[in-house]
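Look for chain A in each of the two complexes below; its partner is chain B in the first and chain C in the second.
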Partner chain A sequence: MRILVGNLPYLLQGALVTLLLSIAVVVLGTLLGVALGIAATTRSRLARVLVAAYVFVLRGIPVLVVMFVGYYAFPAAGLRVSAYVAVGLAQIVYVAAFVAEIARSAILSVPEGQIAAARSLGMRRRAILRQVILPQATRIAVPPLLNSALTAVKQTSYASVVGVWELTYAAREIVERTLAAFQIFLGVMAIYFLICYPLSLAARWSERRFAFVH
Partner chain B sequence: MDYAAQTALFLIAQFPKLFAGFLITLGIAAAAIPLALVLGLLLLAPRMSRNRIARGGAIGYVDLMRNTPLLVQIYLIYFGLPVLGFYPSEFTCGVVGIALQHGAFLVETYRAGIESISDRQWDAAKAIGMGRFKAFRVAILPQALVRILGPLGNQLIVLVKDTSLVSAIGVAELTMTGKVIIERSAASVEIFVAVALFYLVLTTILGALFRVAEYRMAERLG
Partner chain C sequence: MAAIPHTPMIEVRDLRKTYGALEVLKGVSFDVARGEVVVVLGPSGSGKSTMLRCINHLEGYDGGEIRIDGVTVGYDTTSRGRNPHSEAVNARLREQVGMVFQSFNLFPHRTAIENVMMGPVHVRGVAKRQARELAAALLHKVGLSSKADQYPAKLSGGQQQRVAIARALAMQPKVMLFDEVTSALDPELVGEVLRVIRDLAQEGMTMIIVTHEIHFARDVGDRIVFMDDGVIVEQGPPERILSNAAGARLRTFLRRYQGDYAAGA
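Right after this comes the complex of A and B.
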């Protein structure tokens, strides 16, 4: 335990980076994904096809590969950005693909009759989306969105493979120096658990809370 | 020669290396999938048991796996086992790590499928004189399997993508191969686009197989 306790401040610094990276990825990835999901339910055929292609391609490849693409794409384009930005953007783009699918199917699960009813009341398209569709779609989308956030938080650890310093990277540094694999990695798992478990509980709670709305 | 032609020639020249990596990726998946499927089944009995201790143990395991990153679990196995005097290969460590994590996800997939079958089906089977085991085998399981196939396919696609993490402990699978090629040549992002295509083909085929299986099975049940 002594090695874990001695290195705890260093690990907590890593945990802070993991937390900030997670918040950025989850918030921006969810916003981008919801926008794409809404676009996929509009009458524009081009938007539907483009979003479908985006979702199909990204869901079919590992997030680690997307991170590598992000890491090498900026220098290839002649741009200098920090690894945090490059890998963070890659994760945002990845998370957005999953969120887009969640948002799209949540919107489409609102019964057609309600839209017809709203239209017959004279509501405009924008008002129907905001006052009829989105409130109901949100209830359906919350549990899967929380699960996608949980996955996104765990995925931030993969950034360490590309060379981004965060909690998992810090842990590897310490283990390579001290060889105390069990103390450090179990300690790090405990830190991830503390971050992730509340999200898990929220997802489970919302599944019960929002089940059987119709 | 212009850039596009040069890139194409370079990628063609690298194809054998990438394909060799792809085969190792397939090997990891082929070893981890049966292990994860069986682990999920083994966990199913305690997970659905009426015994609180057995159920609590299974839930604790699932929660631990679900709420910690697979990468850290693989590191724990890879760096931890030598401390205990075991020296498994990197390949084995990766396969075991993936199976341990995905077994935990699969038990929940199985359970959700079984619990989605209405209690009335149990009652009906009992009413025509079936015992609990026969009712499960004849009435519940076939219906549950149809509902499990879709989520199971999705979970196995996640598993296949997770094999890329084994690159972190030095197995020369597809992702690692891409990284090595970049380090040894002037190429960069094109290689990972090629790597991504390999994964996309693999996951698309796997997804299509499961959709066909699901369709066939649903048709047979009528």
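Right after this comes the complex of A and C.
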């Protein structure tokens, strides 16, 4: 345990990077995904087809491969971006595909009668979306969205494979130096758990809070 | 277009609608005068609800014409054919036509009073405080002042349906359409909803009521329209239609529903 305690400041620095990367990926990935999910429920056939293709393709690819592609795509295009940006963008794109599907199905699960009632009042499309569909779809979508956020946080650990320094990378450095793999990774486990714990609590809370009867 | 007071409030002319190969409305024509209450009876699948949903253009139709207060619904018929109205025009029409549904369709994420405020605030742009006053008055009218801040899930079916009526009235519609509004209710809750509708009839609201409540039809209807298989089979004053029903189809229908009523009583 002495080695873990001695290296804890270094691990916590890595944890901070993991936390920031997670926040960026979850927030931006969710926003992009929700926008795509809404687009997939509009009358535009083109939007529906494009989102469906996006989701279909990305769902069939491991996140690690998406990250490698993201990592090498920028240099291939003659662009120089940091590994953080490349990996972050790849993960955002990946998370958005799953979020789009959650958002789309939540919107479609709002009963037809709700829309008929809103239309019968003379409500316009935009008002119906904002006042009737999205508030109800949000309640349906929040528990699965929190699950997707949890998955996204844990997936940031793959970033270490392409040389992004964060919690898992920092841990591997310490292990190489000290050979105390068990201790260190036990500590890393605890840190990941602590980062995810509030999200897990929120997921459980939201399932009770939003369970709701039509 | 200026409204001409002595024209009918609702004119339905040769209304036709098909779903794929199925023709659900095969040329329906009738008028509803200002302040008149027309009750539509008919077996399930006779096209009553579809007709109602065509009148406020929740559904399009394939032939014929509907006018509300002189204005055509859904399409303009020109010499070159039918042009669908824009969504904005259809929405403006629906502002004037209140509708109440069999399944209530209250917004579950809004309280009773917020449901009633929805139209004025989000269609008319009325200030929330003013809309709340209007909504409170309407909830009082349907006897639910004490439930204003409850969510729909906490209300009985009869209470939900009364909130739904208040929600439709909040738009101050020229016409109210009722689509089997008591069919989903427990028998003991039917009366409170019918009372509210009867009050509206006495105030002179123009209404089309699709129902299976034959006693109620006799009670509040100025005229009864009997539909079967996508056409109007008979229409006339309740006493004549219900007491000495001429046609075999209407007699069969009445025997079934009044039979149910007697069996249930």
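We take it that the second predicted complex is superposed on the first by the 213 of 214 C-alpha atoms of A that agree within 3 Å, B and C clash if a C-alpha of one lies under 4 Å from a C-alpha of the other, contacts with A are read in each partner's own complex, and residues count from 1 in each chain.
Keep this in mind: a residue touches a chain if its C-beta (ideal position, glycine included) is under 8 Å from a C-beta of that chain, and two chains touch if they have at least 3 such contacts.
Everything numeric in this text was worked out from a predicted model, so none of it was measured.
Room for both chain B and chain C is found when the two structures are superposed via chain A, with no clash between them.
Contact with chain B, but none with chain C, is seen for A:68 once the two complexes are overlaid on the shared chain.
In the superposed model, A:84 lies in contact with neither chain B nor chain C. With chain A used for the fit, chain A forms the apex of an angle whose arms reach the C-alpha centres of chain B and chain C; rounded to a multiple of 10, it measures 100°.
The larger set of touched chain A residues comes from B, when the choice is between chain B and chain C. Of the two partner chains placed around the shared chain by superposition, chain B is the only one that A:168 touches, whereas chain C remains out of contact. Contacts of A:181 after superposition on the shared chain: chain B is touched, whereas chain C is not.
The superposed three-chain arrangement places the nearest Cα atoms of chain B and chain C 23 Å from each other. The residues of chain C lying in touch with chain A in their complex are 56, 58, 87-88, 91-99, 101, 103, 105-109, 118-119, 122-123, 153, 164, 167-168, 171. Residues 57, 59-66, 68-69, 72-73, 75-76, 150, 154-155, 157-158, 160-161, 168, 171-172, 175, 179, 181-182, 185-186, 188-189, 192-193, 196-197, 200 of chain A are the ones that touch chain B when the two sit in their complex.
The residues of chain A lying in touch with chain C in their complex are 111, 113-114, 116-125, 127, 131-132, 135-136, 139, 212-214. Listed in rising order, the residues of chain B touching chain A in the complex are 63-64, 66-73, 75-76, 79-80, 82-83, 157, 161-165, 167-168, 175, 178-179, 182, 188-189, 192-193, 195-196, 199-200, 203-204, 207.
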